[in-house]
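The structure under discussion is supplied below as structure tokens; questions concerning it will follow.
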Amino acid sequence: MIDFFILMKQELVIMIIIFALLIIKIISDRSNEWILNMVNFLLLINFAAGFFFGKEGMLFNDMFRTTPLTVLEKNILSLGILIISLQSYSWLKNHKHVLEFYILLLSTLLGMFFMISSGNLLMFYLGLELSTIPLAAAANFDLQKKKSSEAAMKLIISSAFSSGLLLFGISLIYGTTGTLTFTDITPHITNNPLQIFAFILLLAGFAFKISVVPFHLWTADVYEGAPVAVTSYLSVISKGAVLFVFVSVLYTVFKPLSHSWYNMLFLLSALTILIGNLFAIRQNNIKRFLAFSSIAQVGFILVGITGSSQLAETSVVYFVLIYIFSNLAAFGVVSLVSAVTGKENISDYKNFYKTNPALSWVLTIALFSLAGVPPTAGFFGKFFLLMSGAGKGNYILITIAALNMIISFYYYLRIVKAIFMDANEHPIEKLFIPTYPKMAMYICVGGIVFTGLLSYVYEFIQSLVPGV
Amino acid sequence: MSSIPLTHILFLSTALFFIGMYGLFTRRNLISMLMSIELILNSVNINFVAFNKYLYADKLDGIFFAIFIIAIAAAEAAVAIAIIINLYRSHRSIDVEDATEMRY
Amino acid sequence: MNNFIIALIPLLPLATFILLGLFGRKYFKTSSGIIGTASLLASTAISIYTAYKYFFVYGKVNGVYQPITALKYTWHEFSPNLSIDMGILLDPISMMMIVLVTFISLMVHIFSLGYMKGEDRFATYFAFLSLFSFSMLGLVLSTNIFQIYIFWELVGASSFLLIGFYFYKPSAVAASKKAFIVTRFADLGFLIGILILGFQAQTLDFGVLIQRLTTAGSPQLIGITTTSFLGISLLTWALSLVFIGGAGKSAMFPLHIWLPDAMEGPTPVSALIHAATMVVAGVYLAARLFPVYAISAPGVLEGIMYIGAITAVIAAIIACTQTDIKRVLAYSTMSQIGYMMFALGVSKYGGEDGLGYMGSMFHLFTHAFFKSLLFLGAGAVIHMIHSNEMKDMGGLRKTMPITHITFLIACLAIAGIPPFAGFFSKEEILLAAFHGNKFIYGLALLTAGLTAFYMFRLYFSIFWSKQATAEDNLNVEGFASEHKPHSEGTWSMKIPLIILAVCSLFAGLVPFANYITSDGASLATHMDLTFSIAPVVLALAGILLAAYLYKNESDKSTRVAALMGSFYKAAYRKFYVDEVYLFITKKVIFNLIGRPAAWIDKNIVDGSVNLLATTTGQISARIKGIQSGQVQSYAIYFFGGIIGMAALFIYLWM
Amino acid sequence: MFLSSLIILPLITALTILLCKGLKQVRNVALAGAAAQMILAFSFLIQYWKERAAGNTSQMLFEYDHTWFAPLNIHYHVGIDGISLAMILLTAFVVIAAVLVSWTMEKLSKEFFFLLLFLSVGAYGFFISLDLFTLFFFLEVAVIPKFLLIGIWGSGKKEYSAMKLALMLMGGSALVFVGLAGLYFNTNTATGAYTFDLLQIAQMHIPVDVQKLFFPFAFVGFGIFTALFPFHTWVPDGHSSAPTAASMFLAGISMKLGGYGCLRVATFLMPDAAHAYAPIIIALATIAIIYGAFATMMQTDLKYINAYSSVSHCGFVLLGIGMLTRTSINGAVLQMVSHGLMTALFFAAIGMIYSRTHTRLVAQLGGLLKVTPFISTVFVIAGLCSLGLPGLSGFVAEMTVFMGSWQNPNKLYRLATILACASIVVTAVYILRAAGKTVMGPMSSAYDKLTDATWNEKLAAGLLIIAIIAIGVAPFWLNDLIKPGTQIIMDKVLSLK
């Protein structure tokens, strides 16, 4: 019985928080300030909770499994959501529905947790839906904004569609193997066309979530329309969660199909990097731009995944961690700017350095980390991803990826150029940075600087990743 | 007992699946698009139940899955309709064509 | 004998250069001249002492002068057996050269004290002079073919600096550039020659090199003669290329074009660099490698002979037509060097056949004195008249007697009138030519005549001609200057003239053949008067002609010129060589190579880079339609993706 | 001796600068840091001599090896031999000169000096690292700051140039990455683990076909840094738009990163491929030399002149590497050092002229020798060094390259050598044209109020000139310094023949 609590500790903490928030909502109406303080504190606890009572095991006859790796992954996500909550302070403190926002967000997080530790397709599906549907609502959180509702509509429709296809795939797998439990599925996987078709449908479901070309088209619109907090959440947390699941499912459940999914990923990753870059070049809205850049990033992650080795899985987890830091640092600045001035265009950032040097440096470092410039962590992340990809000996893919880095450099440097070099007589005025966002930025920059240089992080993750 | 072979049922479900998809692609009205999605989900349900009944009758995985899908479909529909209503508030229409402000 | 002291000969000027170069402008604004002269005086003394020791004390080993390596330091090692060794080589010619160089340089220093007085960059001038002296001395003392190349470049550079001394005069800048680039072009040949010789002989040291390439049957000699490029043996290539280097410095036809322009520099500089020392470096180089030329590659030597002779004649002809006195002297220098060159060319190695070599060196020796004297005299004249043009001069014999006398002596010397220095050296050369090659002998005689003619043309038109007084000349110039107009310059300018005049009188009497011969053994020369009749008569004829034409103001000369017609014109325009060069550089190199290169780089190479960028941008603009904003089309793409993958992976790859 | 101090010292300096207030503090700290670097570099030189004198014959000295990313067997492994030491000295000289030249940098001075010193971190790290990962890491560290330096403080079409430079160099490092990855996965250590360790890889023999596959990546990648022929177009734009200090650093050091990489990584680790590709390398190098020289002849902007001449001069480096003879490799390294100093001096002089006359167009200048004798002299010295005047470093380096190239008996290679030699004439032409028009000739009256160099400019130029002359007059110390290193490389290369 005690196992139950220990193995599900993170999920339980989140549930508790959610219920706590609900109760607060019912019984009292406190000021936003108070709520935000408390929520951030709770999230800190949630993050801390991950570190205690580590234990490995299965629950509900293998529907739910906990391994050190899952704990770590959940912790990474918890850290991410903590940072996001800190950043969205200046947006939320005048917002009517703070609690609802957090409830939605946390329930999606809960879904992700279940998804990560799912040992069964049903559990996986439930987690997936739980992590999707509230997000659609959250995307609509700027109720009066047209873009917001449009984004929400696009998200819900396409995610419903994708989950339909995903389910169809699951049903076929069920039909061909007769079971839903991961461990039982693997032995029944043979290369028969129906299973491959099923697998493709499943892959498409994943690809939709992590926005792989050609399943990515919703991404940009939703990112642009949704509130910045939700966008950053979508771009790092939900993506990261699905990636974790994706990797473990590929490497364990569908190991027998590794040959065909290797080729698929080869194709998809090349396509994703290319399309993501090509679209990112010509964006002006910075959120939309970050959307496409994140698509390109996913392409690089896929390159890493093709490695299908312990190195690869480690690198993916590692990269997601770094990616959370880098992307959230960028989104932190963006959300601050858009919350105060409502400006979201790259051209608005011209000569930003003149008025806000600190923010400019944060944004610059974040962009460099995304671009993969040493000594930021992004360099290490990308390097290891490409290395694990190269491990398979497919240097065509590596060369494509490496050359695409040039394009990505172009558009990241474009923003740096805008910040530092472009003349602009009316730059964004000097912004006051509240404590919480400041903390968030410190965390992010610290992460960006040290996650890479200190190799212990990587080695720790690697120690948790099971050999393939 | 029953003489309907599995394949027939699979044909039915597949047909339903594609009908739903066709509806999703062609309908301009968001509500009807939502309905088409429901069709897809139902075809999946049929799949599950059929597989369970015909192939793996010893366990009830498929049936349960179907039940869960129905439940979640309801939830999804609820949220979707809420969003659509909000969309109608802001756009004064629930035609998908009108909600293409963000593009390229 | 302390080698360190010998090392001082070049090092003293170097020290002076550093001192004056760094601090001259500040601290030694006026005293720099004295400092430079003093240090050079010291090194002159040392070099004379060294020469004396060499020739009369320890140079001779059983009747033959031996080359002695006084100093050797591995400066830069390419590979174990190929290294640049900085060293000092004592042998007859190097001894002769250091005496010559230091002595002439000293004279020029003294002269400059007066001549350059009040110059703004007085100190800089003397710094450069010292730099040149250092480089030249280093050149003549080299033990190593690469060392000689190093100093070769350095003299080039210092000559560049000195020609361009009046840096604000565009003509001076142009001349300095021309001089440097033309010689640089020649040095390219020298460099490649060194590369070949070094690689084939597996050494850069002169002694070893000569020894290896002259002893028949040595592996290196076999190697370099058997391997051939374009059907010509590498040795021939190498030696011709090296000679090209020499020809560039020594202004052999057709690489002579820089020398006349080089007269833009201060006149003492011309006297030092472009008359006495640097321009004979080519001859010196050939003499240095003479055994190799003579023994292993007589073909190349023959080529040298013809080039020398042709240069001698052409230069003499041009000299007859020039009106700028310094240019006349420049061309006469060319022709005299041509003399030395073909003297080398007709010569063979060793014994009686080595007469040409000895003559050439002898002429180099004597020529240095009277030619620098001529230049310094011209300098004195120019310093007074402030013009280089003959037409502005005339009748100066009264106003500047000393200059007049010394100049006359020099003219007689160069014309080869006994008993002046030039006579003896020329005799040897003519004799050698007579024995060697009759055709060359003919040319030589012709040149001798021409020389006498143009020198006295110069002499008469400066010092006789119109009976004008100095004042008129000065008024012609309307010249106002801090210098006292009536005198012919300070004593510091007169003394060198006198000393040099004395030298040009008696230098010929030196028993040269005892000291400097092709093989080091002394050579008995016999002077038969019957032979020397022809050249002397020719010379006198030339002088008389010149006297007839130019002694008094008249239009005879112009009529003669008209008589010559187009030939005169061609000679006056220096046979259009400059124009040819101009055409090649401007039209061919700049327009046919330079511009295309620049254009290609800008448009094709760089263009392709930019094209890459723009195409990327265009593609991204093309495909933007995918993101149509309609959720349904998104779904269609989604489904299309699935179908595509299914098709690919189920039907193609299975 | 603690080699990492070479990285830490500039880093600390850079971070200290961030804490400073105002130009005065900043530049003082920067100068102090640069001076400290110089002292450090020289102390390493002395230590090195001591070690060698003590008979320490190991290839690398002061080695320090620390496991960084154990899972990939990535080490932080540093150590230096003569070649690296020469490069370190070069870096020290250029950095201090660059700091001095930009003494009066008013605009965002703090950021400027920070980036400048951060660059030097990259350079030092690159030159000392013996682990390919570390090497690559520092290679990229030394790229991006340039983008900011040029883009923010540059002149002309600076954004374009900055972007072009950053992208092309990043392209280069991308190729390098592929090459390194390929090497890594074809190493086979005793433990069976892959390795990035340069010395270990040098010990083992990489299969020839692998070498042939990945040599081009590595060589072209590094080649882009050192202006390999078709990929040199970032050089003119980048140099001409960059602020003086950045140009000095760019031409003086960054381009040497490439040459060093070509030698140390590409040639040393993949010798068979080096032999196989030698003809192509030599062809490209020769084209770069000749074509660069002629392109220079047509330039009208002083910075463009020097940039194109850098293309031509770096051609010598590649030529020396391509010829694969002991002497030519020596020459390549000598040329790297010499060109680094010389071009830095040249850019410094140009910067001084520009800051006074506000033009870099040769046609508009003239007769500066009259008003600014010091600067003009510096300019002329740089020019003479560039055209290979004996007594200055350029001559020694070029002659060594020529001599070495000639040692390669292949007839066509010798033709290439002759062409390369011919370039010195063209060099003379364009240098003298530039000098003749700029410092000589009649002076326009607009300039007669110009002031001569200030003490910091004099110091900067002086240091570089001293270095140039120290090499030009006494090349043997540098030659002896680098020879052991090059000999080891060549032993490996020639052992295959």
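When the chains are written out, they are named A, B, C and D in that same order, and each has its own residue count from 1.
In the analysis below, a contact is a pair of C-beta atoms (placed from the backbone, for glycine too) under 8 Å apart; a residue touches a chain by one contact, two chains touch by 3 or more.
Everything numeric in this text was worked out from a predicted model, so none of it was measured.
The chain with its Cα centre farthest from the Cα centre of chain A is C. Ranked by how close its mean Cα position lies to the mean of all protein Cα atoms, the top chain is D.
Counted by C-beta pairs in contact, the busier of A-B and B-C is A-B.
Once the centre of each chain is set as its mean CA position, chain A and chain B turn out to be 27 Å apart.
Separation between the centroids of chain B and chain C, computed from CA atoms only, is 98 Å.
Distance between chain centres (mean CA atoms), chain B to chain D: 65 Å.
Chain C has its Cα centroid 78 Å from the Cα centroid of chain A. Counting partners per residue, chain B has 24, 33, 96, 99-104 as the residues that reach two or more other chains. Shared interface positions of chain C, i.e. residues touching 2 or more other chains, are given as 624, 627, 629, 631, 635, 639.
Residue numbers of chain A whose C-beta contacts span two or more other chains: 153-154, 157, 161, 165, 220-221, 282, 410. Under the contact rule stated at the top, the pairs of chains that touch are A-B, A-C, A-D, B-C, C-D. Here chain A touches chain B in the complex through residues 121-122, 125-126, 129, 133-134, 136-137, 140, 143-147, 149-154, 156-157, 160-161, 163-165, 167-168, 170-172, 174-175, 178-180, 220-221, 224-225, 282, 288, going by the rule given at the top. Those residues of chain C whose C-beta lies close enough to touch chain B in the complex are 624-625, 627-632, 635-636, 639.
The residues of chain B lying in touch with chain A in their complex are 17, 20, 24, 30, 33-34, 37, 40-41, 43-44, 47-48, 51, 55-56, 61-62, 64-65, 68-69, 72, 75-76, 79-80, 82-84, 86-87, 89-91, 96, 99-104.
If you check the complex, the residues on chain C that touch chain A are 613, 616-617, 619-621, 623-624, 626-627, 629, 631, 633-635, 637-642, 645-646, 648-650, 653-654. Within the complex formed with chain D, the residues of chain A that make contact are 311, 314, 368, 373-375, 379, 383-384, 386-387, 390-391, 393, 395, 398-399, 402-403, 405-406, 409-410, 413, 416-417, 420-422, 455, 458-459, 462.
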